[in-house]
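The data blocks that follow each hold one structure.
Two complexes are shown next, each including chain A; its partner changes from chain B in the first to chain C in the second.
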Partner chain A sequence: MMAAIIRMEARRLLRGRWLPLLWLVFFILCAGAAWNGAAWVEQRESALAAIQADERETQRLRRAQIADEITPDNRMRYGGALYATAMSLRATLAPGGLAVLTVGQAEGYPMAATIHAFSASNTIFDRHVAGMENPSVLAAGRFDLAFVIVWLLPLLVLAGSFDLFAHERERGIAPWLLSQPVSPGRLLAAKAAARALLLVLPPVAILLAVLVAGGAASLAALSMAAVLVALYALFWLALALLVNLVAGNAAQAALGCLAGWLLLVVLLPALALGLADLAAPPSSPTERVNALRAQAMQARAETRAAGQATAPRAPAPNIPDSLRRRALEVERGEGLIRTAAAPYRAQDERRLAWLDALRVASPAIALQDGLERLAGADAARALRFQDQAHGFLLEVRALVGRYLAEDRLLTTADYDAGLPRFVMREAPLGERAGALLFDAAVIALSGAALLLAARRRLGRTTTFTE
Partner chain B sequence: MLHTQALSKSFGAQRALDNLDLRIAPGEIFCMLGANGAGKTTTIKLLLGFLAPTSGRALVDGIDVQKDPLAARRRLLYLPEQVALYGELSGLENLDYFAGLAGVPDRTPARLRGWLEQAGVPAAAIERRASGYSKGMRQKVAIALSIARAARALLLDEPTSGLDPQASAEFHRLLLRQRDAGAAVLMATHDLFRAREVATTIGLMRDGRLLRTLRAADVSALELEQLYLEEMALATSSTSAPETDLKGQP
Partner chain C sequence: MAAFTTTSQLGLVARQQWTSLLRERRLRLLGLLVLALSALALVDAAQGSRRAESARLHDTHAEREVWEAQGAANPHGAAHFGRYVYKPDAPLAVLDPGLSGHLGRALKLEGHQQNASRFKATDGGAALTGFGGFSPAFALQVLVPLLIVFAAFGAFVGERARQLTWQEIGAGASPWQLMLGRASAYGGALLLLLLAVGALAALATIPAWSGAHLAALGLMLAAYGLYWLGFLGIVLALSAVSRSSRGALFGALGFWIVAAVLAPMLAPALAEARHPTPSATAFEAAVIEEVMKGPDGHTPRDVRFAAFERATLARYGVRHIDALPINYSGLLFEHGEKISSDIYNRHFDRLYDGHAAQARIMLAASALSPLMALRPLSAALAQTDLPAHRHFMVQAEAYRYATVQALNRDIKLNRKPGNGEYASDVAAITRSIGFTPRPYALHELLPRVAAPFALLLAWLLAALGLMRLGARRLEGSA
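Our next item is the complex of A and B:
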């Protein structure tokens, strides 16, 4: 019987010609947003390719210098390429699997690092903070798929379901409808299910289609995106259902739905951010840069003062002692920098923990978080990259330290065998899935809470047929 | 078929229905007459299970409406004063929808069309959108639903108010056919003359109480009108009497 009601309700909804129009509008919005997303991915991949090409070209030139240009005669003057400290490496953060979904926080964090053994760890990202490629984004916000889904999909669902039952109450159909031998709960469930078929499935299908067209290939990521978006759309359907049990007519229901949208999509995320700012304000980049730079300079001054006292060695080593002193200076500076950076790092981590916890404030926040994680544009991935880039820097320093200790020069064979390469290790599947499941759970439980409230309201109401 | 036992309903301090005992057998039409607020619609809503009684019981075919409202509604068809249909669907699709809700099997287009034609819906209107239907036409769709569901009891709440005389006469002809098919009918109406014509029994209600029941065959239209006006006049004098008494006191 439920299936029959759903079929008839769906037929009734399809009879109104607005539904295909809504699908079309949503498709156009998704296609436009996916186009933007794909353009951003292409731009970022080009930038990363240029960084990697720069790394390869630098290494090729250094190898050529060693092979063809440096002779015993000019070695003192041009022999820098022979020292391990000349290794110039890059660490890059490739866009995630579903990067076309959203830019997320990717532009707030560096996309690459330049690794030299003597670079202070606070400076390796300096050349690679991407910034926004288009200043108009600052004014108008970014039009990407996450924006379409988080902000506009609810409006589509509400446009098709705000009068889920208010229509019947307003037109006087309700008493006659409910005098039929069908329970109000079952009738409303069937009406909601018909809308789920027509307002949830087509948008999810449209989203998957544009993601695939935009280059997404991971079946697991696509499936998770579909689950998150479907849950989100169902949440808004549940809200419409509850509003329809409270509102007396379609106008009240429309206002109620709109108020819910404003509260959950606009107001609560802004309040959550404000709360995070109050409880755990972000660290100041300028203050941090200045503090770390001061530590680095102090280390350099102290080490140089100590170095002036040491006498030159005879015979002179292959690698000048000035580089060894520099290595000591960097090592000492690193300790000072790490100490100075610790409070900033702790402050950032506290803020991230707050933002993570505040996901429960609204399904819109949870979905935005989930989509950013699927796109690989979340803060956690960016910080993971920063940690690994620092780790790579330390590996390179250790390697260079061995060359210095053994007084060994770089050879073409070293280049031919391959210099160290950075490989980004993504978070374990369990960790990533856990965060996504948490987001899904927030959305699903919020929807379930609305359904429970609707059920209680349905049980209490005595004027349902008025 | 339709049975109430000491049925009462209060809204706060206001007694909307007071101790109503009613029994309507299959093939009987019971017309409730009374002014607005007499308790007619409340009685119908209690029989539908839309309202919970303050005391007493409402039974349909022996089923307590409060205990099993769906089973009771399976035997009932309700016609509100304004039968509202989905305007974007045709009469045939509306009938299909509502008959589907009621679990009517085998709703082929031919059968649906047959039920509508039996209820007097013109063939040309069957496929037309219901948004253009008159009140009379919408009621015919409701009667078609009654035929499709083989409803054993009808609850009619002022079904002919606002209908032109021809449509009203046609509606009552359809109603008599339902009665002849064995349906028990409870009709709330203000139309004394039509009530006398179609009813088996007439009940006069006032202030939530059933004051008097009459066999329709035993009274003429004029007598019925006289009785009705007398009861209503009593109501007016009984409500104004205390004021007079109070005013008369020194």
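Our next item is the complex of A and C:
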């Protein structure tokens, strides 16, 4: 019986000309968003390639200086290239596997770091934080696949299911339908199942097709994207079902569905963000910069005071002692910076924990989070990169420290053997999967809560004659 | 006499519709909800603005202390260490934050380099922050039109509304009078909302009160009024031409989705695709290439510096730079700074030209959505748009250039050859150079808001035309 109702309902839906039109619109939106996303990924990759090319070019020039240009006569003027402090390195964060899905947080965090041994650790990202994009474009939000899915897919599902049962109630045929040998619950479940087949599966298939066409190859990531999007679409179907049990006619149901969309996609996230701002406001970056710069000044003053007693060595070492004094200043500064930055870092971590926890406020937030993680454009990955880039700076400093200790100059052989390279280590699979499963659970449980509410409502309303 | 009858009939219809609006409990609630949300957002924004201003004063003071803590330092090293300046909040940002969240609150000023502003409010977020917060402008630009849709889609459709319309026509009112009467009633409600928001915004910005401030606020409110009336006219016309309330609702909602959700998101993406601007990395690379190869692209820096050295020796009539009465490094820094600043200015001009071309496309999208005309207008009057930001950046650049060149001049005039490490009191050198950014005066903004105003007026006229068509349709169906 259920199968027959599903078939009948599906046939009825397919006869309406609007359904293929909805699929077409969704396909066009997805294709446009994927094209946009691919263009962004290309731009990001070319920016990263330019940063890496800059690193190679700097190293080539320094090597050429050592090989061809520095002579005992001009060493006083151009000799800097001989010291290990001349190592100029870059750390870059490549886009993730499904980067075409969403820009996510990628524009809110640095994509690279410039590593010079004596740079203060709080400044290594400075050259890579400020974008030149038109702020109007950023303020409008990127038109990417995540936007189409999180914001527009619900409208597609609601457009096809807002009158799931309200139509029958409006026409007065609900009592007749319910007089047939089928329970109200089964009837509604069958009608919802038909819509799930026609409003959930095709969009998921379209999304997968677009992602594959866009070059996505990871089966696991594609499967996870499909699961998240299907759960999300089913959530909106559950909302339409509940609204249909409350609304007396199709217009009321449409208003109810739209109000639900507005609440869950616009208002609740805004309120949740307000709550996060109240409970865990972000640290002030301007205050932090001043505090850290003050520490750098203090380190300089302390080092100068300590260095005044040191007499020039004879014979003079290969590397001037001023660089060793600078190394001490940098080390002292690093300690002071770490201490001064700790409260700001703790405040930011607390805020991120709040933002992370508040994804339970709406399935829309949970899905956005899941898609950002799949795209490798999430905050956790960006922070992981920052930590590793900082670790790389410390490694380079330790290496330079050895050169200073051994009074060893850089040679062309050092460049030929290859200077240290940054390699990003991704989070363990378990950690990434855990976060994605949490997002999926938020969406699934929200949908289950709606179904439970629908069931309770159904228990109270059995005749639908009002 | 005829005019009197027409006016009194119009008043009658408007009064009747007004009463019916007041009796509609759901609409009352929705209206109050929108007003409450706007008021809440305004209060929150006003508090945020006060906090931001006090943080700015604190940061400015702390930054000066850090700069002065350098004591005796190499002036060129100090130029690299750099200074920070902080952008003040525009008072009307409490009503429309515009692009503030994406513009950056501080700017690092240093030698050889012109930076973009940094520390955007949107930096360091998570998935939740991508949804954006709630601002009064969002309520006025997006939610009020939705309220108009909910309130007015059923003005002429549905059993009750149709019966009432027929009775009114039967009593002698013309369909156009009915249309104008309903528009007056809804318009009156919107006017009350506008006045309430205006009063709240004025109260939230008391410290900034001046003739120009209140005039800018008045212009903003007028623009919102035009926008809402245009929206209302279209929804009423759709209601008049629709056969069912469902059709009217879907038509009006469809228009809202296109005008308030899709167009504002798609137009910037389209504009960026049509007039792409360089990424920060490409921008920096282009500047560095020009610095290294010269503006003509064929004269390497070494060659240009050698020519400069020859010219300097000739000018002072000496044979070696050690014989110069000034320090040559300082002179070279000064010369190099002038060259790199010119290059940066040229590239920034090109970048902003690209942004302006994108803005023109976005404004052209107001053919699809009146919001695309309202947004730049509102942000321009609130001074939270890109031109206002550029105005700040240009002033900051003048300050940077003066500071860096003062430091270079000190080296040029005071460093003696063979002195070894040179140090000077950098705070004393730069103490006389101040930075007090000036916002745009109202008369400087007006030319920029004229076109969007005209477009909003065009929308209102088009809506009146559609209302006229809708009235004819009503006449036919009566």
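Operating definition for what follows: the second predicted complex is superposed on the first by the 456 of 466 C-alpha atoms of A that agree within 3 Å, B and C clash if a C-alpha of one lies under 4 Å from a C-alpha of the other, contacts with A are read in each partner's own complex, and residues count from 1 in each chain.
The rule is short, and it goes like this: a residue touches a chain if its C-beta (ideal position, glycine included) is under 8 Å from a C-beta of that chain, and two chains touch if they have at least 3 such contacts.
Small disclaimer: the values here were computed from a predicted structure and weren't measured.
Applying the stated contact rule after C-alpha superposition, one finds that A:Arg171 touches chain B and leaves chain C untouched.
When the shared chain is aligned, chain B comes close enough to touch A:Gly16, but chain C does not. In the superposition on chain A, contact is made by A:Met297 with chain C only, not with chain B.
When both complexes are overlaid on chain A, the residue A:Ile5 reaches chain B alone and has no touch with chain C. Applying the stated contact rule after C-alpha superposition, one finds that A:Ala251 touches chain C and leaves chain B untouched.
Measured by the number of chain A residues touched, the leading partner among chain B and chain C is C. By the document's definition of touching, of the two partners only chain B reaches A:Val182; chain C does not.
When both complexes are overlaid on chain A, the residue A:Asp407 reaches neither chain B nor chain C.
Of the two partner chains placed around the shared chain by superposition, neither chain B nor chain C is touched by A:Glu57.
Judged by the document's definition of touching, no chain A residue lies at the interface with chain B and also at the interface with chain C. Per the touch definition, chain A reaches chain B in the complex via residues 1, 4-5, 8, 11-12, 15-16, 171-173, 175-183, 187, 462, 464-465. Per the touch definition, chain B reaches chain A in the complex via residues 45, 48, 50-52, 70-71, 73-74, 76-80, 82-89, 93, 96-98, 100-103, 142, 155. Those residues of chain A that touch chain C in the complex are listed here as 36, 39, 43-44, 46-48, 50-51, 54, 104-105, 107-109, 126-143, 147, 151, 155, 250-251, 254-255, 258, 262, 265-267, 269-274, 276-277, 282, 284-287, 289-291, 293-294, 297-298, 301, 348, 352, 355-356, 358-359, 361, 364-365, 368-369, 372, 378-379. By the touch criterion given at the top, residues 44, 55, 58-59, 62-63, 65-66, 69-71, 81, 84, 86, 98-99, 101-106, 108, 115-120, 122-134, 138, 146, 150, 245-246, 249-250, 253, 257, 261, 264-269, 271-273, 277-285, 351, 354-355, 358-359, 362, 386, 389 of chain C touch chain A in their complex.
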